[in-house]
Every structure is written in C-alpha cells, then in structure tokens.
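When the chains are written out, they are named A, B, C and D in that same order, and each has its own residue count from 1.
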Amino acid sequence: MSSLPPAAFPQREHDSHKGNFGRVMLCGGSRGMAGSIALASIAALHTGSGLVSAAIPDRCLETVASFHPCLMTIPVADDAQGRFSVDAITTLAPSLDRFDAWGCGPGMTTGEGSMRIVQHVLQATKLARVFDADSLNCLAKINWGQQPPLNHHHLVLTPHPGELSRLTHVDAKNRDLQIEAAQNLAAHHHVTIVVKGGPSVVVDATRRWTNSTGNPGMATAGSGDVLTGVITSLLGQGLSAWDAARLGVWIHGAAGDKAAARHGQAGMTAWELLAELPQVIAAFDSESM
Amino acid sequence: MSSLPPAAFPQREHDSHKGNFGRVMLCGGSRGMAGSIALASIAALHTGSGLVSAAIPDRCLETVASFHPCLMTIPVADDAQGRFSVDAITTLAPSLDRFDAWGCGPGMTTGEGSMRIVQHVLQATKLARVFDADSLNCLAKINWGQQPPLNHHHLVLTPHPGELSRLTHVDAKNRDLQIEAAQNLAAHHHVTIVVKGGPSVVVDATRRWTNSTGNPGMATAGSGDVLTGVITSLLGQGLSAWDAARLGVWIHGAAGDKAAARHGQAGMTAWELLAELPQVIAAFDSESM
Amino acid sequence: MSSLPPAAFPQREHDSHKGNFGRVMLCGGSRGMAGSIALASIAALHTGSGLVSAAIPDRCLETVASFHPCLMTIPVADDAQGRFSVDAITTLAPSLDRFDAWGCGPGMTTGEGSMRIVQHVLQATKLARVFDADSLNCLAKINWGQQPPLNHHHLVLTPHPGELSRLTHVDAKNRDLQIEAAQNLAAHHHVTIVVKGGPSVVVDATRRWTNSTGNPGMATAGSGDVLTGVITSLLGQGLSAWDAARLGVWIHGAAGDKAAARHGQAGMTAWELLAELPQVIAAFDSESM
Amino acid sequence: MSSLPPAAFPQREHDSHKGNFGRVMLCGGSRGMAGSIALASIAALHTGSGLVSAAIPDRCLETVASFHPCLMTIPVADDAQGRFSVDAITTLAPSLDRFDAWGCGPGMTTGEGSMRIVQHVLQATKLARVFDADSLNCLAKINWGQQPPLNHHHLVLTPHPGELSRLTHVDAKNRDLQIEAAQNLAAHHHVTIVVKGGPSVVVDATRRWTNSTGNPGMATAGSGDVLTGVITSLLGQGLSAWDAARLGVWIHGAAGDKAAARHGQAGMTAWELLAELPQVIAAFDSESM
C-alpha cells in the first residue's frame, strides 16, 4: 500500500456470527437519489458489517433493494415526491437502539421530514453516528454551530467544502480557514470532522490528521456516499470516532487509488471505487493475521 | 480443496433434461427482505437444480425476479406490509407435490401467514425439506420440540445459535449444550440438524459430523440463505437429508473460503460467497468424471 | 472449437448501420416468467442482431427492461395475472412486418391471449419465425399436426421431448420415434425442427443433422430461451431456417461447453451460457475475416 | 492506440471536487426505451463527469435509476404511455442553467412533449448541447434547416444517415451528398455535426474531420446513446463543440474497437462498448500525466 493505515482494522474471532461484526443502519435517499443510500449501505457490507439495513422513503425501497440482495431495507413514511415525510421519525425512533451505528444523510434532501430525523438522531449521543451530505445541511439550517454543546464523542461529520461552508459560514475556497473552523466546531461539540479535499483532513477538538491516500478521480458522484458507509461500518465494529474517521478516509482513498489504477481517474465512478474496498481491506488480513 | 467432501456430488447423465436435476421451491421473503430468498434461489440454481421457483409475497415478485433471469417466481397472497398473508398457504398447498424439495424460511417473518405455511409444509413428511431462519422461529412458537414425534427423515433444519436457543431453550452461548440439545431434538423428530457455528456441526439421531471448511468472514447477512439454497438443491437431486446437509455445509464453507481468499473475510459478502459455488462444485466434476 | 460449425456465420460489411444486422422481435413472458424472454432477447443481441425488441405483457415491462439497457421493450395488453390478454394480438399484429424475424414462446403460458398470438403469427408464412416453449404447446392445443399443410419454410420449431410429445403424441422417452415423428411433422408443414436432447438433432422434410456440441449442464432453466434468441437472430440476419437452426444449435452448444469448462456443469446457469455466446461467435471472426 | 486522438483530454487538478468536472444533464427516454438514456448517462459518468442527472418521464425513473447507483434521476411529467407530456418542459426549463452541458434525444420519441423540450433547449444558445436521435427528428419536423440561423456554436448534432436524411432531405444512401448537406446545415446554424457511418465524419461550417477508430460491430442498439453521453460529458468539461465532437467520436470508436477485440463484432453490445470507455480514457492519463 502507498502508506501506512492510521489505525488497526477490527479483528474477527473464529467463532463469530453476523451480529458480532456490527448491525448498522444507513438512513437517507429520496426518489431520484436512491442510489446514494444503496452505495453507502453496500460499502458498509464490504467493510465488514455483518448486518446492514437501509432506512429509506417507502417509494424508494424496491430501487434500493435491487442493488444488492444482502441488504435489508426498511420502508419509512414518505411524501408524494418520495422524500421522508414529517412522520418518518416515528418509524425510525424505536430502531435507534437496535443498531451499533447509524449513518445519516446521503440523498435525503433537507425537507421537514429529514430535519426531524436529524434532530432526533442528534440527541442520541450514546449512539455512534456519521452525518453526511444533506444531514449536514439540516444541521446548518438549525444553526447547529451556535447551539449549546453536547457531548458528541461518537459523532463523525463528513462535509465537503460547500457543506462545511454552510455549517461554519467560512468560504468554501479558503481551505486553511475551513480547517480552522472545522476544528473549532469539533471542539465546541466534541465531534470528529472529516474535512474533505485533496488531501482530506480529519480533526477533532485537539488533533489534526492528513490523509495520504486518494486522487482527483474520486471527485465523482457517490464517492462521499461510499465513505459514509465505510466509516459507519467501522464505528459499528467498535472503533472510536477518531479512529473510524481516519481509517475510513484512508481505506476510501486507497480504494480510490486502486480504482484509478485500474480504470483511470476520469473513467472510474464511485461504483468502481466501492468494488475495490474488499481488496484494500483484505490487505489488513494478510498483514495482521 | 482443503479437505475431503463428506459425500459424493450427484452425477449427471448425458441424455438429461432440466427436470432430471430436480425441481425445487424456495419459499420466503418479505418486503425489505426480498434479497434473502433470491440468494437462496440463485444458490440452488448454481448447485445444479434444473428448475428453481421462488414462492414469495406478491409485492416482492419483481424485486426477486430482477436478481436472476433464470428464476421462476410465484406470487403468493400477501398483506399490506408485503408479508405472506393468512391465505398464502392456499396458493402454495397444491404446489407441494410438484417439487422434489422445498426450502422454507429466509426473510419470511413469523406472522400468521408464515405460521400456517410452516405448519402445512411440516406435515408433508414425504417431501424433502429445509427449514431455516424464520421458519425455525415459527417452529419455536408452536413449541415443536415438545410435540409428538413424526417421521421427518427428509427434513433438514439449519438454525444459528439464536434460533436453536428458541427451539430448544438452551443458551445460545453454550455450544456443547446446544449441540446436545440439537441431537435430542433430531432424535425426537427424526430430522437432521445443522448447528451453525465455527465450525458447524451436523447431527441426526445418532451421528455427529463436524465441518472442516469455512471461516468467520461467512458471518455476514445472507450467508445462511445461500446455505438453504445449496442444501435444498442437493435434496432435490436425490441426496438423503444426512448427506445433503453435510455436503451442503461443506460446499458452502469451501465457497466461503474461496471468497475470503479472493476478497478478504471482512470485504466479502454472501454475494461473493454465492459466486464461488460453481468453482467448488466444478472440482467434483474433474475428480469424479 | 470442438467441431466444425454446420454453416457460415453472416458476414458484416464495413459501412453498416444497426438495421443491417436484423431487427428481431422476441415475444413471450408472463409475470413470474419474465426472465425467460429477457434471456432470449439478450441472446439475440449477443448473436449480432442490431435491434432487438421484446414484446411482453405490460406488467412485465420494467422487469424485462432492467436486465439489459440495449433492449427495447413493447408493452402488450395483459390480464390481471400479467399474461397476454385476448387483446394482445391487436397490439402485435401491425408490428409483424417491421421485423426480419420473430421468436415466440418463452414464458408466455398457453392462455387464450397466447393462443391468438400464436395462431396469427403462424399465418405470417413469409416471416422468419421461431416457435418455442409455450407457443409449441399452443400448437399442440389446436392439434396443428393434423391441420392442412402450409408452406412454412421460414419456421423453426424448438421442442424439448415433452413439448414434442404433446405435438406428435409420441412418448417423450422414445427418442427414435420422436425424431421420426418430428420429421414427419416437418415434412407435412415444411418446417425445420430442433429435436432437443443429448445430442440435439435438427430435421426438415428430408434431412437430419446431429449436433456435436453441448453437455448435460445445459439442462437448466433458461437454456432453451437462449437458443430461441440465437436462432431468431440468425434468421433475422438472413440465414435459411435450416442453416439458422443448425448453426444456432451448434453455437448454443459450444457456448454451453465453454460455460461448463469455466463454471462446471452443475454450477453453470443459462446466464453463464449466454455470457459465452460472444466468445463462440468471435471465433468465426478470426477464422473468416 | 490505433491512431492519435484529435484533441487533448481535459486535465484534472489535484484539489478538485465533483463539480469541477462538469454537471451534465441527459434528457430522454420513454417507457420501452428507458435503457437508452441510462446508457447515455452512464457513459457520461465514465467519461469523467462528476455529476450526471437523467431527466426522464416519471414512469421510467425506477428503471433508469436501477442501472447505476451513481446516477441522479429527475422525474418529468409524462403521459399515459410513459412519454414526456406537454408539460414536461415546465419541469425542465428552470434546470437549464444548473448544468454545464445537456444531451438530448435518446429514446424520447417525437411527441408534442418532446417537441416542446427540443424547441426550448434549442433557444438556450449559450448552453453546450448535444442533439441526438429523436431530438433530431423533432428538428426535422419543424423544418429547422430552413429556419433563420442562430449562433449555435455550442451545439453538436449526431445524426445517423436516416436522421440526417430527414433533416436535410438528402438520400440516406448517398454519403457524399449527405456530408455535403451536413456541412451546409452546419454553416447555416453554426453547429458541429457528427455524420455517423463507417467511418464517421465530423463537420462544422468550414472543417471536415474523418474518424480513424471504430468498426461495424458498433452498429448495434444503444451505441449512439453511448456516443451522446461521451460528447455531452466532454462539453461539460469545457471542450469546444468541435473538439468534443471529434474527441468523443474517436473515444467511442476506440472503445468499440476494444470491445470488438474482446467480444467479437457480432457478439458485442453497446453495454460492452460502454465498459471499455474507462480503458480508452485511462490511456490519456498515462500519456499526459
């Protein structure tokens, strides 16, 4: 591999069953963006989660289910456009405790249904969570950065520059200031933040880590959804937010490098990136077992 | 191969047609868990069954059908949530005799519709059957272990530790006691039971056999569904319950070992496991023909 | 290759457009058996047809369309069970002239809607046609063998032993008598008949040809559907019924042999067989160009 | 590669995000021809566009979405047959400015809904656009060649001989006259025209360029849809109409040559052609980086 991974991959015991490797939930999607949550969910399967469920607007269920037969799909109340309805949280709330980690955001839009889900999941401070994409835009809409701090040690945010700008009001093009603002936000709410870019930087209240893997070919639709699935999976397998974020970003970048080597930077899509996850992770097997 | 298979694979005559290799039915699925019965059905196709039908809740038909063009799908009466309705057995009962083996359970839930199906299929003692997943939970709900014995020589059960615990009231973590209880249940009802684990153990009234293939990477969603399809297929090709269970477990584990070698234990899903079935089975061709 | 092909593969001119290689229609399917007509249609694409349309019961359209983005699909009036309705022929009749060949039968059932389609297409004696599967059972229901002869020089039938028995009233297990009866039927109606088996035999009024490719692994669901697509494609590219039937059977068997070599006889499905068609056909390129 | 490409492939900066590589819209499809717009859209993804949306008749959304999880799909008002309705343009018009390039036409039919879309998009002279397939037939219906000229420097047309004949009233079989007529049309409206054939020729008002890649195996359903996606993607990445048309035709032909080498000319479909795009484009990486 091109560089050393920042954390150890979770070990597997020989007498295991699928629950041992984490039950994770990926929550998102909407009609027209159903593929996003499928990508995140399949990425979690390939990162080693034993049981992966996708909670999606009812109308998107068949589309998401058709992408991989090993996914479980949970239909959630939706509106006429196939987005989470205001009642969606009612279906989801009782499920929070049944999962070891939640990933939230890909393709979910920022409608009222999504707002309620995000605010509810935000309160579950004991649950390991990843907030990505529109769930970050929901946080921006409630001006989360100005709200009283909560202990969110188990929360990872994965904003791209535009999302981070909406969260912190710092210009998307000023990378140094963005990283600074992300670290302030991380300190305020005790979260870990992946500041996406070339290279991506992971920050928490006091630490900064710069990723050494990845390439511009990963700037393609769905790439971030895959990252959400990878980090959610690692959280569900017991890594800390800091380790899951760093190792997830590193694995994602290494898979992107393999995809670019095989298909070229322009020709690869996030589907090719996803397909390389097993090879990247398998390298941990041979090194550590 | 890593070890010798416990039974011979069924031979094929040169002047064959697809009916010669067994017509099998896989019965299960529900909205949100449609992939499970697709996995079982496709596994049966790849294990050599000439004709494979999936009996599924009506609303799941298109999802299951889209996973493989060689599957036939049979729509069964369902309820508003896409689960078998209480009338489902009416559709299915006349079909019992048209198949050489039935596999029952993956993703079917334990609602009233499933309960009636399981109880009906249970009575068909001359039919070769596999009960897995929720069909085992249905048996637990009727306290089957305490019911008068029937001659179920053609019945294979494939419980994981949690399902076995519900069937036998023995703690899922006490493996020795679980195997003991499984053998008692096997003796009572004249069935063959696959006690899943690392390694899996197959028991009937008097025998115990420990599998030598497999790895922890197989502890992943859908892996058991594939096993159901493999054993159902072998039953449909004329193997005894004892041979089909052992050979099925062995093939399933060998395919899992190939998948882990290619994709890593964490990175593989049951879809990769399924994809290795032909290679495992092809090795029998070259050895025996 | 294991043996010499019985006819030359159609040549391609350099200044070609997709219409040059034949517009073919595959007609069949029903809810629960939609994959069959998808297999036939995709096989026609891979055999070189430039434009392939599948005419299917309306309710099956999305399922069939999802199997290959290069297929065109034509929705036809259907009944509540997703089978061709009695009005189906109304949609189809005006299309007969727009295609160079029709393949008819896979998965279509023998309901009244199918009966009317088959009887109408039967009258189009100038059109190159393949009748397979349930379209043969429809012919049996009208006791076609006893009807006055028509000049069907452009018609190929592809019965398996059971279908041939229904057409000719000769026991499916008596292969010699079946071939004899097929030839009598071929002579009566001036058709070409593929008598499937190990090996398959092609007969017309005066000739018999025995195929040298193929293996028992091809006795699997969907294998016959692929053959229908291959022969329809060859007819659409201008081969005679006699040449298209023989070359189609030979190509189909050679693809089956490649699939068995790669995946094993038990492990292969018709989907693997289909995937080998291009390699078999590509060998003609290198030999003849 | 078999010949030198006619233009440089767009470069990628290291600190990129997905918006840098172009947001492109592919507009088309109808029930029964949904695969066409999926092919175009996926081709754009593999040509390097960071964000690709498909605007399709509402009823086709799930079918198109199922072909690739990285596509975004936009439902547009449709009629009972699943074609763009007369109101479709209302949904689409506000989106014109949000994309760097539009591709229009595959599978869209020439109904009133399509006519309105084409006429509206035609007026957006500052937008980079590709018109293909039925959008060309729509132009023919309004006798566009006789209309007053507009400055369409950013418009590429990709007619096959039949479409060009409808546009210019020149016999589809007279290739020299067709090229002549295309150049006259190009001069009148300041557009770039790809005159498809063996070989394809690209013309604008004053220039002619003859492609050196490609083969008769590309005369297959969906091949033109892939070309539309490739050229739209290149326009969205900032190439001029003239460069995008030539480079797109060259890449498309080179991918077709790779597909033919791997699968044979008869056996390949447009899906295999599409699958080779990354390899062709990756060769630019190694040459120029």
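Note that in this section a contact is a pair of C-beta atoms (placed from the backbone, for glycine too) under 8 Å apart; a residue touches a chain by one contact, two chains touch by 3 or more.
Which chain is which protein? Per UniProt: A, B, C, D = ADP-dependent (S)-NAD(P)H-hydrate dehydratase.
It should be emphasised that the depicted structure is a prediction, and the values quoted were computed from it without experimental measurement.
Participant: Counting residue numbers used by both copies over all numbers at the interface, does the subunit A-subunit D contact come out same (over half shared) or different (under half)?
Facilitator: Homomeric contact, different residues on each side for the most part.
Participant: Whole-Å distance, subunit B centre to subunit D centre, using C-alpha means?
Facilitator: Computed from C-alpha means, the inter-chain centre distance equals 48 Å.
Participant: Measuring from the mean C-alpha position of subunit A to the mean C-alpha position of subunit B, what distance in angstrom results?
Facilitator: Comparing mean C-alpha positions, subunit B is 34 Å from subunit A.
Participant: Would you pick out the residues of subunit A that each touch at least 2 other chains?
Facilitator: 62, 66
Participant: Connecting every touching chain pair, does the picture come out as line, ring, star, complete or other?
Facilitator: If you draw each chain as a dot and join those that touch, you get a single closed ring.
Participant: What are all the touching pairs of chains?
Facilitator: Final set of chain pairs in contact is A-B, A-D, B-C, C-D.
Participant: Mind listing the subunit A positions that touch subunit D in their complex?
Facilitator: 31-36, 38-39, 42, 62-63, 66-67, 160-162, 175, 196-198, 215-217, 219-223, 263-272
Participant: Please name which positions on subunit D make contact with subunit A in the complex.
Facilitator: Contacts found on subunit D: 9-10, 12-18, 20-21, 45-48, 50-52, 61-62, 65-66, 68-75, 277-285.
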